[in-house]
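We call the chains A, B, C and D, going by the order they appear; numbering starts again at 1 in every chain.
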Amino acid sequence: MKEITKITYREALKQGVREALQNDERVFLMGEDVGRYGGAFAVSKGLLQEFGEDKIMDVPLSESGFVGAGIGAAVAGMKPIVEVMTVNFGLLAMDQIVNNAATLLHMSGGQMNVPVVIRMGCGIGRQLAAQHSHSWEPLFAHIPGLIVLSAGTHEDARHMLAKALKSPDPVIVFEYTSMLNIEKEIPVNITRVDISKAKVRKVGKDISIITYGIGVYKCMDAANELASIGIDTEVVDLRILRPLDEETILASVSKTHKALIVEDAWKSVSISSEISARIMEKIFYELDAPVLRLAGVEVPIPYPLHLEDASVPQKNDIINAVKKMLNHD
Amino acid sequence: MKAEEGQHLLYQMQLIRRFEEKSAEQYTKAKIRGFLHLYIGEEAVAVGVIQALTDEDSILSTYREHGHALARGLSAESVMAEMYGKKEGCSMGRGGSMHLFDASKRFYGGNAIVSGHLPLAVGMALALKKQNKKNITCCFFGEGAAAEGEFHESMNLAALWNVPVLFVCENNLYAMGTALKYTHSILELEKKGMAYGIDSVAVDGMNLMAVINAANKAVTKIKKTGKPYFLVCNTYRFRAHSMFDAELYRDKSEVEEWKKRDPIAIFKKYLLQEKLTTEQEIAIIEARIESEVQRAVDFAESGTLESIEDLTKFVYSKKTEL
Amino acid sequence: MKEITKITYREALKQGVREALQNDERVFLMGEDVGRYGGAFAVSKGLLQEFGEDKIMDVPLSESGFVGAGIGAAVAGMKPIVEVMTVNFGLLAMDQIVNNAATLLHMSGGQMNVPVVIRMGCGIGRQLAAQHSHSWEPLFAHIPGLIVLSAGTHEDARHMLAKALKSPDPVIVFEYTSMLNIEKEIPVNITRVDISKAKVRKVGKDISIITYGIGVYKCMDAANELASIGIDTEVVDLRILRPLDEETILASVSKTHKALIVEDAWKSVSISSEISARIMEKIFYELDAPVLRLAGVEVPIPYPLHLEDASVPQKNDIINAVKKMLNHD
Amino acid sequence: MKAEEGQHLLYQMQLIRRFEEKSAEQYTKAKIRGFLHLYIGEEAVAVGVIQALTDEDSILSTYREHGHALARGLSAESVMAEMYGKKEGCSMGRGGSMHLFDASKRFYGGNAIVSGHLPLAVGMALALKKQNKKNITCCFFGEGAAAEGEFHESMNLAALWNVPVLFVCENNLYAMGTALKYTHSILELEKKGMAYGIDSVAVDGMNLMAVINAANKAVTKIKKTGKPYFLVCNTYRFRAHSMFDAELYRDKSEVEEWKKRDPIAIFKKYLLQEKLTTEQEIAIIEARIESEVQRAVDFAESGTLESIEDLTKFVYSKKTEL
């Protein structure tokens, strides 16, 4: 019997980190303000007191330096969880992530494993304007050598980290700051998630809605509303953005013969481009209609609420797009 | 110092203070959103440094820049309207609290990537030098920023190129919740400037007169040499880092201790002592500020929102034609 | 009458830079080793002697610093050409490029133009291994606010820069280091190129081959060989990777009804993904067959020649792919 | 110094020299491709520093790392085979000259993004500290690298965390074609270390005995304090930056001047003077090196190329299972 508990996204993340620290001596958390401040988003609040300075390390503002140090520590046998406060500051560490974390294994002919986990808050939704609202999953998903995860649900927020820490290769975990205060139910007796696979969050037959991150709940809400008018959508949460779980995607679209891809990231050269291209290549003849994308408008995110909202697909946009694709009125 | 001058400086500090108190109020009313970083406690730095500059000099700042913007002469209206996200804001409402810009006043942000504006400042100074202009580029940033690689690269470039940048480090002892001693392996930040051969001085940032002296000296030196200068202003923020901060990392008593060194109180006392003002005149200034701040709120309230159709404006210039 | 001259890619680039310095007082070139060394690839050899230290500035190793300084100088009224020796080091400047160059105009509500031009060598082909062989056009093409150009021909290498310098907005120009010594003919009396448009390099009717950068000559060679066996391909050189010239692409594919996209960059979340997705969205019903992609193998580039060659599509791969798509044997 | 020891050090320097001369030859024969950066002239630095380390200490280096690799004990065979792109190379042939790795010898590259390995070194030292190991992490880099932001961030982190990193700056006066004075606003690089409170010392990098003394002192100090140390070795590269360099930026006469301070010649003279070796013994060492280098070439020649089917090997670990 499935027991259910209510939990915020923040608490889910925190329990994940806490559990990781309890379960493995080699794990430590490092990042700006993770300790004394309690975490920029209060995810690590109390952990310094519980685990001490050796395990919860506040670092100076120096993203390239401390992410690189995390990579070095991983090479030398530790299991660091490096928190880059938000992806917006992640470009400062991009060279370390790409040219070192993603590349050392190959360059050394297989000798140097880099089992680092890098957590980054990301996404829009808090009126933080152009330099603090980026959705850069696509930039990281382009890079071979990285494993890129996206925690679009509370369950994944709770359990992804444990799996990520099992990886001998570098993992980037995207967490969504606009979801932190949202409470959802998650099953108590499910204690692991399969992060190598996309997850069908809702089974349906009329159309596949493929999404990740902030898109998951938006698409589920849209799907429920569409169900009430008789449209039966399937919602696929990608979860792992690199390497993509092509199998699950193609199976879904081969069944529904129609696909809409939804993401907050800027549209050009994005995850949704990639998925559309793969569907094209692999199952073109299964399609009853062109695959469409709803993605972020290509603008640095503006501060005012009405413009911010207009910058990314909203529930109604999804509903309308699906209706249109199904010629429903 | 003349009475008029002294009173104007007091007015500026007090305006910043009241403007920000009002902003905090409007924030709790959800009129202002996003991040809001208050400068309260640090007013002597912005006012003391900026008074040393001319209108032709350029200024760059961080996300904690209301003080710099107001001291530079951006109107309270345009700043408040910006934080309301209104078209009448100094950045058309696109930027909000962290991105105040006014090119006509050579006020270049409002930059929210910590240390990201330091290279810009060096480049602007380089351009002016190439144009044979003698103006200074003044760049404010926190002590936290000085740990970033951009600080190192910018200091070195400015020194190598001999460009007139006034680097002002506002050392308020904390970068969010991370105290100076966890950010830097040496605490006398002015020593960092010396590693680039840059003139470097630390000053009591709670004392307006001290800041003014130091800033004037810095500016005189830069004008003479054309070289960069590093001014560390030791100060303190009385408020939380932003509106999201529970302040777990410092004791209330520490804050109270620092509040005894309130730069406005110190300067008021000085003005009174030197007979440069009277209690009555101060009351008049405060009343004037009160209505100025209220006008700013009214202005912001009655401002207009940009049309959603214009969403993608300002991504590329209209005149782009390749 | 078209006069023709023979020129190396290196010389073409150099003439472009030289001309820019001659034509506009505000132009200067800055970058690592552009002066005394003569340019890492000898592109700027002699320019220091000709134009002096003020115009040809050697800078220390500090990509974030000097790219940011270039951006600042542009804001303050100059027209800097910033050379990032190769894109491999460009990630160190990525924060400056994205959060400042691409964003300042928007963030300031239209007040701050950033007319900087950033030139980057890029691409594979010289056995420089994993950290020196990147093709990162896709990372930059994802960013609104940037104009991203790719000089796939000698003509563009010669003339793109002049146009780029006319832009009030930041331009990234990708140049291909493996092409530097290659000599080609270019017309003498054509002195400007339209960089806002893709260019049909060969007109044909059977299939559209869409490419850019290193791909252009490879595809032209393949097209010529295919012509000799009666296959009439159209070759489209994208030239501008952001914003994409959709019109030219769609017109070509609407005519040929088939498309193969060729690029050296890693396949996932790439330029070719984007083009495939757009064709899907806009002209699905024009397609006679699925759009296919030939792109870089998803591996950090290995050092040995045979593995390096195998990492990107070669002429024969293109020929074979076209034949297969046209059921030609 | 014992005779045996002295002769071994001479052997190491001479091996590096001959190995690289042979590499240059093989490069012109197109047996080796990509970039090839020679260390000739700087041998005293690698040999002098690495002799101070134990096998348990870790080493990170740049793309100019043949010297460090050989001094660390990687075989000439495995390094030459690597440069031939053969499977028998120390990095399976995947890396080439710029990416020599041997985890079994704690030799961690072979890193070709200038300054990119400094943060790694700090992190490795941090890990060892957490594991209660006392070993040192030694990180070599050029003076050009010290201008990058990563240098600043890494020095600060190492000092803040009190981790035992030996930062060795090989100041050969040029970063490609950019002379020290165009790279740094101050020329005494050891002063940079002091800005982080790190013990910093400069030494004549052309004199093996001086390097040995300085390195031994540094290691002793680090072992005692557990803290980082900054050692600047002033040296010179006799050859071009890489095989693509026309050397327009320096005078031949400058190079000739420096060649008078050839570290190998100086050390040979010292050994003879101190009667720690004889001309005859030197001839034997040289003969031994000659055949060792030839064996390396033979080994590389007869090595095997990886199969193209294995192209995507080493992108992810086989054992990745999420």
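Here, a residue touches a chain if its C-beta (ideal position, glycine included) is under 8 Å from a C-beta of that chain, and two chains touch if they have at least 3 such contacts.
Bear in mind the structure is a predicted one, so any value in this text is a computation, not a measurement.
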{"item": "Touching both chain A and chain D (chains)", "value": "B, C"}
{"item": "Chain A and chain B: spacing of chain centres that average the CA atoms, whole Å", "value": "36"}
{"item": "Geometric centre distance via CA averages, chain C-chain A, whole Å", "value": "31"}
{"item": "Distance from the mean Cα position of chain D to that of chain B, given in whole angstrom", "value": "46"}
{"item": "Multi-partner residues of chain A (at least 2 other chains)", "value": "60, 62, 64-65, 88-89, 92, 95, 99, 106-107, 129-131, 144-145, 298-300, 302"}
{"item": "Contacts with two or more other chains, residues of chain B listed in rising order", "value": "93-95, 99, 111, 113, 147-150, 152-153, 156, 160, 182-184, 314-315"}
{"item": "Contact graph of the chains (line, ring, star, complete, other)", "value": "complete"}
{"item": "Chain D-touching residues of chain C, taken from the complex the two chains share", "value": "32-33, 35-38, 40, 42, 45, 58, 60-65, 88-89, 92, 126-132, 297-300, 302-307, 310-311"}
{"item": "Chain B - residues contacting chain C, complex", "value": "58, 89-95, 99, 101-103, 108-111, 113, 116-128, 130-131, 149-150, 152-154, 156-157, 160, 313-317, 319-322"}
{"item": "Of chain B, residues touching chain A in the complex", "value": "33-35, 85-86, 93-96, 98-99, 111-115, 144-145, 147-149, 175-179, 182-184, 245-246, 248-249, 305-306, 308, 311-312, 314-315"}
{"item": "Complex interface listing, chain A residues touching chain C", "value": "64, 88-89, 91-92, 94-95, 98-99, 102-103, 106-107, 129-131, 138-139, 141-145, 242, 244, 266, 268-274, 276-277, 279-281, 284-285, 287, 289-293, 298-300, 302"}
{"item": "Touch list for chain B against partner chain D, complex", "value": "147-153, 155-156, 159-160, 182-186, 191-192, 194-198"}
